[in-house]
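Each in structure tokens, the structures are laid out below.
Two complexes are shown next, each including subunit A; its partner changes from subunit B in the first to subunit C in the second.
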Partner chain A sequence: MNDMTHKGLDLATQTAKISASGVQVHYGTNHALKDVDVTILDRTVTAFIGPSGCGKSTFLRCLNRMNDTVASCRVSGQILLEGEDIYDRRVDPVQLRAKVGMVFQKPNPFPKSIYDNVAYGPKIHGMTRNKAELDAIVEASLRKAALWNEVKDRLDATGTGLSGGQQQRLCIARAIATSPEVLLMDEPCSALDPIATAQVEELIDELRHQYSVVIVTHSMQQAARVSQKTAFFHLGNLVEFGETGAIFTNPKDTRTEAYITGRIG
Partner chain B sequence: MTDISAAGAMPATQPKNSLFVQDDLTRRRNAAEARFKWYGIVAIVLSLSVLAIMLFTIFRDGTSAFRQASVAFPITLEADILDPNGARDPADLAKVTTIGYGNLIGQQFANFLTAEGITVEGISDKDISGMISRDAPGRLRDMVLADPSLIGQTIDFNAYATGRIDGYMKGRVTLETAELDSNVSLEQLQLADQLIARNILTSGFNSGFLTNPDASDQRPESAGLGVAIIGSLYMMMLVLIFTLPVGVAASIYLEEFAPKNRLTDLIEVNISNLAAVPSIVFGILGLAIFINFAGLPQSSSLVGALVISLMTLPTIIIATRAAIRAVPPSIRDAALGVGASKMQTVFHHVLPLAMPGILTGTILGLASALGETAPLLLIGMVAFVTNYPAGPFDGGVMDPATALPVQVYSWASRSDPAFIERSSGAIIVLLAFLVIMNVAAILLRRRFERRW
Partner chain C sequence: MSDSDSHIVSSFDRDLEALQAHLLRMGGMVEAALVTAAKALEAQDLPAADTVITGDKAVDALEEFIQTEAASLIARRAPTASDLRLVLAVMRAAHSLERVGDYAKNVAKRTRVMGRSAPVDGHAGSIRRMSALVAKMLEDAQLALVRKDAALAAAVRARDVEIDQMYNTLFRSLFTYMMESAGSIGPSMHLHFIAKNIERAGDHATTIAEQAIYLATGSRPSEERVKGDSTSATV
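Our next item is the complex of A and B:
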């Protein structure tokens, strides 16, 4: 059914980056995610919406195997990144996470300098041969994250000393410094004020030209503003997945309609 | 209901609901709060005063240990007594025992007093030489053996006065107590008065208390903490070397890598239990394993350090795990999110942030290990050790040594009152070390503390 909803999209020119089918997630005895099928396109912003506890963050964390750190979590089903099953036994989650970057709900810069925050990923992945290349990556990432002009004079200052919005953009810069192919964002603006939110949203729109972005959000306006495709989760089920405009103007499922009009959730 | 209508009416005519008057419930609650504050204040004052009394008694009894009376007089090292052959042959020199030196010192001291015109009626030669510590002949002999060219010369000799004369200068021995005391005579005290007046008998800072080895019951004046301090330092160094790497590695594994299952739960419970095992049990264990089974030398700081390491390890593991757990999970997520491996996450981010906590825990663990006595009694570190252990790289950790708290214990159990004073003095030294370690812990925490 989900496949059908996005078949007739004008986004059809984009290729599928991630395709998930039959994904089930259990936390111990709790069945958190039930049989989810989603295809995430390249160079597209996909928004996951739904009430708290509906499984959207869980699904997001499946996409770069951050759920591995939760001992009680079991994932079944298939998630293909460019045709490769990321839960295959041969896959090293460390390599996967270099390809699929993540930005978290709460800004979490390392208690190190701004430079070191951004340079950390490239360093551990051995992406540079010398300081000049690293400097270039740091500058490029900070520019892409629209933070360069604000911090270029104080790259040695600690990252935790920045304001909340700047910290979150620093985290985005850190995530894109490793040149990921997919960027996962777990409610990136929930801790930010409207101005910082607007900056981050603008940034997400910029990032769309290079990356495939998946964003979990509680704000339906945000989903409508930044995303091209939207998935609505409810009680662990993927209820509806389709073009953002269609979901918000013409939801097919009554639950979706109830949620976006504010009657549930 | 009535309240609402009352609020609508004139407040002034309703004194019962006025904010200026406390109602019964509020008054009871405030009274309970005031009582609770007082309980707290009383508890704190009580514990502080107990601490103050303890410190007061220790310092009252112990500070005098840092002063020692000594007698200064010239002594001629007569060649025909010390080197009858005149060949300055070390083997010959070594044949003269401390008895020979003792006679020489007694004689020279008596001669000196006569020459100075100091006499006390009815004093015997034995009383005169008895004012000088029995430690003096040995020290003079060591001086001569180290430098035979001194023979024949007249040198200024500075000898400890005996414990009783020292006590007289500190007010512990009086003319009344001397009458009942077979170890000191009234004539000796009268002579002491004259010597004090002539500045021959003086009291000064007792550096020997910190450097000398232990001494027998007959000469408390020369007993010092030298061996105990070295033994304690060796033990602390070894404990640090043994426990820090093992403790930190164990904590990191348990906290970050170990799967959460029955086995790790069991290990966790047992680590906490180990921290609560009475220390004497570790002493028995050390005796059985390290000395009887492994054959390590008893009384050595190595065995002491091994035993204390067993005791300190759980403390360090618990402190380190708490420090690691205090690092917010968002930092781990951030590192994993940019593709760091688990090990990189731990060593690049978690461990540096946990470091202040780990160091503080380690130092506090070491501080409690420094004061540990019971297990050391069982592995023979309570021995009477008068030889310094060798240097740390010359196998000194295998040499017999004592430790500060054990020295406190063994002095406190001796009969001479001069040892009681030294026992309290040793406690002061021990407390000084503990204060230094605690201050170091605080400074390290301040220095490395980072916010996130």
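Our next item is the complex of A and C:
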């Protein structure tokens, strides 16, 4: 759960993967995110919680420039990935998204084979020289996503034919096939049943040995279960950011307290 | 926006309020048992001592009920932050009260086996006053808990020194009796255990006060409590 020393993954020894400072987001005249400073640690699961419209998904989408595709959206402030400004003009958003993978609320596999779903990213980024290398990446990614044993005999079957939980794990395999440094998850379990949810949570715990994971979730219990750091957003402000165990037993801000105890929606 | 506001799910509020109401009811029973036992000792009122002995079953049953309700609330509501601290504090306080109930019962049992004798007549009044102070500490500790009042809880905690001093005085006095007359050793030993039981009940009131501080502030009181009981270094 929130075992900080689990397998040597001590929070204190983790270095910053993403450093955001003074991040502001406007959608037209709507000030959606107000002056957010946050440091996302390497090999740590960071949960973003808060009521709908609080800015948590907006902030998540800033981290791989998904907001670029929204015409009315203006982002200011600074977001550094390993010390490099991701909003620098020289940064190619497509390359950035290979480093900062994303998994969405609803499983959205391509209407292609299981194999092609995972192979897509490495192919477009020219990560492999031959079929054997690609095969190896597909297998390794499916193994990391804890899906290999369930699909290894039907890699040519269509990805959309899998169960919801399997589809979500396929999307996770697709996201990690490009060897990202950060994995963003926007409510990855909200369309899944409790067993598939537990499998994805188990997977998140595995993934943090290699990646920095950021998860947006409406389930506070899920945030408490899977994350080591929790950030609470409210009305576009980052209200509180701290160690998950402390946030859920003794939050410092009354707004955090009111939200996690079910007093404000 | 503050934590005193109601939950969106109002049945959650009702569950938490019910839990605290059960704790207060249990506290009332235990305070009464302690005071009754000490009065029974002073008045050699054996029927009153019997009611304390038989009444402890109801205290134990209520503690069991509170623990079950608290566990159920944790399972159903998954409380967090101050809600979680409240449930944990109530569980620990109920356990402390159950122990105090046992001490009251023990005082009543000893009252039954002690006849009227010089050391009894000389000390029962002190023991009654000590019990009344502990009962008040228990009451205030519970109030501090349900009101999330850290200042009141700290005051209760400070009052335990007084109980320890009263116990010290009783201990020394009884010790003198025993040295002077071998015949008084039996009743003096009983009285000493009674005084010790009440002193321990005071420690449990302190524990409940500490739970109230944890509930109100999110952290346990840091500074070491002043200990007034020096008898461990006396003999």
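One rule holds in what follows: the second predicted complex is superposed on the first by the 255 of 265 C-alpha atoms of A that agree within 3 Å, B and C clash if a C-alpha of one lies under 4 Å from a C-alpha of the other, contacts with A are read in each partner's own complex, and residues count from 1 in each chain.
Just so it is clear, a contact is a pair of C-beta atoms (placed from the backbone, for glycine too) under 8 Å apart; a residue touches a chain by one contact, two chains touch by 3 or more.
In this text, all values refer to a predicted model and were calculated from it rather than measured experimentally.
In the superposed model, A:261 lies in contact with subunit C only, and not with subunit B. By the touch criterion defined above, A:157 reaches neither subunit B nor subunit C. In the superposed model, A:70 lies in contact with neither subunit B nor subunit C.
Once the two complexes are overlaid on the shared chain, A:250 sits against subunit C while remaining clear of subunit B.
The partner of subunit A that touches more of its residues, comparing subunit B with subunit C, is B. Of all residues in subunit A, those touching subunit B in their complex are 64, 66, 69, 71, 94-98, 101-104, 106, 108-111, 120-121, 124-125, 160, 171, 174-175, 177-178. Residue ranges of subunit B in contact with subunit A, taken from their complex: 259-260, 328, 330-341, 344, 348-349, 353, 450-452.
For subunit C in complex with subunit A, the residues that touch the partner chain are 1-3, 5-9, 12, 78-85, 218-219. Looking at the complex, you find that subunit A touches subunit C at residues 220-221, 224, 248-251, 254-258, 260-265.
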